[in-house]
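Lettered A, B, C, D, E and F in written order, each chain numbered from 1.
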Amino acid sequence: MNDNLGGITNTDEDRLSRGRRIPEQIMGPGVPPGTPATQELAPFFSSWVYESVFGDFYTRPQLDLKTRVFITMVALSVQGRMSQLRGYIGASLNQGWTREEIIEALVQLAPYQGVPATHDALAAAKEVFDAKMASGRP
Amino acid sequence: MNDNLGGITNTDEDRLSRGRRIPEQIMGPGVPPGTPATQELAPFFSSWVYESVFGDFYTRPQLDLKTRVFITMVALSVQGRMSQLRGYIGASLNQGWTREEIIEALVQLAPYQGVPATHDALAAAKEVFDAKMASGRP
Amino acid sequence: MNDNLGGITNTDEDRLSRGRRIPEQIMGPGVPPGTPATQELAPFFSSWVYESVFGDFYTRPQLDLKTRVFITMVALSVQGRMSQLRGYIGASLNQGWTREEIIEALVQLAPYQGVPATHDALAAAKEVFDAKMASGRP
Amino acid sequence: MNDNLGGITNTDEDRLSRGRRIPEQIMGPGVPPGTPATQELAPFFSSWVYESVFGDFYTRPQLDLKTRVFITMVALSVQGRMSQLRGYIGASLNQGWTREEIIEALVQLAPYQGVPATHDALAAAKEVFDAKMASGRP
Amino acid sequence: MNDNLGGITNTDEDRLSRGRRIPEQIMGPGVPPGTPATQELAPFFSSWVYESVFGDFYTRPQLDLKTRVFITMVALSVQGRMSQLRGYIGASLNQGWTREEIIEALVQLAPYQGVPATHDALAAAKEVFDAKMASGRP
Amino acid sequence: MNDNLGGITNTDEDRLSRGRRIPEQIMGPGVPPGTPATQELAPFFSSWVYESVFGDFYTRPQLDLKTRVFITMVALSVQGRMSQLRGYIGASLNQGWTREEIIEALVQLAPYQGVPATHDALAAAKEVFDAKMASGRP
């Protein structure tokens, strides 16, 4: 994928190193994306996520990173994918969304995803907010 | 919303107090709907659920409360929203559905929601039935 | 399956003939369940639905047929399975549920399945009600 | 619901008139939300959507209207609710999102909702863009 | 159902005993399908799963058992039904699929079910593989 | 991604040309994957699907192409993504699966995805089989 970089022929190495910077930016330093199970059982797939999701999608200029993590958080709430949802609530905080904005987005979804899905998503948000407070980081 | 009350202009206070009676009737006394996370992070949304879900929907006369909690239980089983499903299995017991009828409804759903969803819903039902027996309440 | 008939050893023929009466009762005379594609491509599966869904589930005494078709309608609305949903809205009418009760059930689901799912289900209900009126049958 | 308005006791009339302005702002003048079937079969529910969804949620200051319609579009894409999705792609255009941003959001979702869901959502976007161009409005 | 057995009229006993052999073949000896809750609350449904799912579907010659458990595993991954998914990952191993093939299937699904669903499914696979290694069985 | 090719550093061009051969193999000559809307609105995404889905996933040796298209068909049936499902039923035929095997797989899914989903999938299969017969190709 190189149409967002203006005609440069990328090798996989270029995409991989570009992709590896994104999770650090959105999850914070030292937090690898995905799960330990994925890294152990499917290293090919871990690399693919770095290159082909973070490297190819998140680096495109049409939407900024702040917007991308927010709409990803929305998608994960609708799907009820809880462990990934927690990751992207944290990523939204890291990208500058306030707690109030995150809560409001999960509430805005209630008439579409249903009230129970919003209850579940807010419980995930509380876990993320509490863990952040306990860690002493802003 | 006042079309179910014949032309009275309701204030929000009317709807809220009407709505607050319903969860007590269906969940039993002292069991607030939703989750502690919702009440802490999104008090606006908790009030909205009381007013606009319990106050506006559950009080309409076209279907009785007993039927409403039963079809809500069905919806939550199909969606696999487990913590809310447990709440509405308990609510169905409180509204007079027997254990046999609740089990039968979850089994009736198997050809539509799939066998695994019925296994999961029956596991939720067993938790609710066992907790009720342990509490010594009928 | 014979536990609902008290110790009689059923042959497949018994279950099949028992199962074949149910769709007529719920869909009305002359309306086979399922789709022409199923009957053409998978006659084994059509027979299985008669025997193992209609014959084994719908004939059990723990819930009456009127309740079974109603909760099936609810499940299909939550799943967004439109062609089957239309069939079970018609079946609910045939089993004695009023239009008002059917509409109210689909509205009751809105806070759980989402507002768009209720819009879609009400559009299906309107098609069924209009077709019934055009056919001149009650 | 009045916590976003600072202690004023709203009557339903207040919420309804506030709620009725939102669909015009987001869908364009003369385009009622929901479907004709909903308005015909369930006028109670149509009013509830105006009051309790548009009047209570969309008017809160924590997120602006432009963000709300965008994340609603995202939710509808993930759910595959096609007719409502078309409405909110149009609403996103009306609120100032560019075609490029809308396309990019639907593509960003592909690793989460799946590639087929993005194909379907882009087909919906093309219909909306083409209808807008045919209408001669910007 | 007897069309796969050439005109023999089966009694329920035939189907049940045929169906009981399958779970042993796919889950390993001594592992009943379904959950304890299902067996306790809904023995009718447990028998129905043996007869009408294992007895009627899994014994048909058009696809072998090895293929059936594999595509069932795929379906459960897409649905996110975790406890049943673990059972069918184990069943796939028992039927001769290698760990590499199972991992690869779950990865192949990522562009369709989404990356988070594949992360979740690989975590389930790791649990099954680790439990198998701890048990000392091949 | 090059771990399936043994240490060769691939450029995007390599992956793209490798990926472009797959859809022809599975869909038949002259049938591009995805939809015209995707190709028009999101050419970046079309290329990404060629490279990062067909080029990276489908060419890995751990599962053959015949198995990959079959499990993709299963996933699309469970999700109810109809237009893509038709494409992968056709792809399964092209890869050597018989009509009987395809029908049997969709029937095998019924206890997991629900009976209505199997009815819908069989209707899609009939459309594909009929179109193939009308085209005079085997």
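Just so we're on the same page, a residue touches a chain if its C-beta (ideal position, glycine included) is under 8 Å from a C-beta of that chain, and two chains touch if they have at least 3 such contacts.
The shown structure was predicted, so the numbers you read here are calculated from the model rather than taken from an experiment.
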With touch defined as above, tell me whether chain C and chain F contact each other through largely the same residue numbers, more than half shared, or through different ones.
different
A-D or A-E: which has the larger count of contacting C-beta pairs?
A-D
Chain centres from averaged Cα atoms put chain C and chain E apart, in whole Å, by 28
Roughly how many whole angstrom separate the Cα centroids of chain D and chain E?
42
Multi-chain contact sites of chain E, meaning residues that touch two or more partners:
44, 49, 53, 60, 76, 79-80, 103, 107, 110-116
Using the touch rule from the top, collect the residues of chain B that touch chain E in their complex.
80, 99, 103, 106-107, 110, 114-120, 122-123, 125-126, 129
Tell me, which parts of chain E touch chain C in their complex?
1-4, 9-13, 15, 43-44, 47-48, 51-52, 56, 60
Touching residues on chain C, where the partner in the complex is chain F
34-35, 37-38, 40-42, 44-45, 49, 53, 76, 79-81, 83-84
Residues of chain D touching chain A in the complex:
49, 53, 57, 60, 62-63, 67-68, 70-72, 74-76, 78-79, 100-101, 103-105, 107-113
With touch defined as at the start, can you tell me which chain A residues reach chain C in the complex?
110-116
